[in-house]
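Below are two complexes that have chain A in common, paired first with chain B and then with chain C.
Presenting the complex of A and B:
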């Protein structure tokens, strides 16, 4: 099962890319995917980072093949 | 000839719409990279009453993006300089100059006087404050934020729509400013004009307002995205029941065994906590220098490393300090990342 993950703000920076396609072998929720993406980079305050699946905010949804996931950190510059 | 003729011609405006603009009251909180372009276009369009709220002064590093200001404005309060420049362009607009920071105490009484709030701020604490005060005053607000080359835009609390807390119920300590990351002036320029556009649509009652939606874009990749925001009624109820809930973005510094001297003003973000941090703003150094230890190393910091360098020069020259070390890159380089 393949999902596209889009990264924003400091998540994109930590990942070194704005987007990647991930292969998932077991059923995964959006929240689990978020942790899987963030944990290797030691990003702090992970609960502040919102997850959208197919443009709708929802962490609890179980991902399907072809889903588009976005990881959205808050930012405040102006 | 009417100065607004070209926009009155539009079906969405007309003489009725122009009257609505003239009677509208818009509060711009933060007259910086976002607030300057927004204020220019809203006043040019004939929005009758504009509040310009900012506690800061014009600095030379503002000029590349805060395009309302001129070299002759350096050192002037931003709200004053902005009102001067804007009045020259449209003398029919009434400007209220508010040289204060938004606080829990003054937020609601100021926002109550306006119809719509435009967020030109650069920190989480003030954004949550605007959000809560707007819920309590039942006013919509237009949000924008920047991280490097990325922008976020939305309208909150519009006709019972979602609030900022519905999008981000939890905040982060990583309040990274444009000063720290860098920014091209065109990004706040675009966002500020998009914010002004949302304000005009709300005043005119025409078009689709960006409520329940977060618009994201990246000026370098060209990527754009709209995310749907659902209302979290409990986040709004919480504010209605208990009033403004202050959000403290707290952080600590890398070493708890090291003396630090923070020479920034009390409103500057982020605010590190710890009893190893002395907080003495530049203006108070001369009267409070005796509070600074002389027998141990003290690391002196500000936002960028510039003011702290000046502080060290003053303390060494006037009061014989020889134990002070400048934090070259400013506070962001000494924040504890854990």
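Presenting the complex of A and C:
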């Protein structure tokens, strides 16, 4: 099962990329994917990173093939 | 005819409006937007909010600019939802929102919210609503660039 993960702001900076496609072999929630993506990068305040699945904020959803997941640091518009 | 102008048709509120502009919002855009509404004589009040980049001093360093990026597809959707909610909540004639992407220097404008109504209170409340909702809900990210070219990531308070 493949999902596209988009990174923004400080997450994109830490990952060194804006986007990658991940292959998931077991049922995974958006929250679990977030931790998997953030853990190797020493981002301390992981709770401040929100997750959108297909552009809706929801960490508890179980991911499906083809989903677009976005890891969103704190918003700074305006 | 007159009535239609007072209350926007559902078509008008439903189409996705272009919000993002590349770089700073030129002050002339504000004057032009006001001029564009002078033919709409059912309007009695405009309310405008302008966000300007502050040269914050943090640990002895001064912010020279903010570089904005956004999750544009989601931002477009959220801007639309905020707009729909604002039209449901307030009796406004029209509303326009512009937000910068890319680099905006200290002293330049990054957000322009412009609402119009028959009366001032409605327009002022609607503008305030838009600004608060945009800051809280739209996935826009800001990198504060200091004069020495180091940076930190901005967080809305």
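Please note the rule applied: the second predicted complex is superposed on the first by the 74 of 78 C-alpha atoms of A that agree within 3 Å, B and C clash if a C-alpha of one lies under 4 Å from a C-alpha of the other, contacts with A are read in each partner's own complex, and residues count from 1 in each chain.
Please note the rule applied: a contact is a pair of C-beta atoms (placed from the backbone, for glycine too) under 8 Å apart; a residue touches a chain by one contact, two chains touch by 3 or more.
The model shown is predicted, which means the values in this text are computed figures rather than measured ones.
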When the two structures are overlaid on chain A, which partner does A:10 contact: first (chain B), second (chain C), both, or neither?
both
For A:52, select first, second, both or neither according to whether it touches chain B, chain C, the two together, or no partner.
both
For chain A, which side has the bigger count of touched residues, chain B or chain C?
B
I'd like to know which partner A:62 touches here: chain B for first, chain C for second, both or neither.
neither
Looking at A:77, would you say it contacts chain B, chain C, both, or neither? Reply first, second, both or neither.
both
Using the superposition on chain A described above, determine whether A:35 touches chain B (first), chain C (second), both, or neither.
neither
Chain A residues touched by both chain B and chain C?
6, 8-10, 48, 52, 55, 70, 72-78
Using the touch definition from the top, list the residues of chain A that touch chain C in their complex.
6, 8-10, 48, 52, 55, 70, 72-78
Within the complex, which stretch of chain B touches chain A?
30, 32-34, 119-124, 127, 144-148, 150, 152, 167-168, 170-178, 181, 183, 188, 214, 216, 218, 221, 223, 225-230, 337-338
What does chain C use to touch chain A in their complex?
51, 66, 68-71, 73-74, 77, 99, 110-111, 131, 134-143, 153-156
Sort out for me which residues of chain A touch chain B in the complex.
6, 8-10, 12-13, 18, 42, 44-45, 47-50, 52, 55-57, 70, 72-78
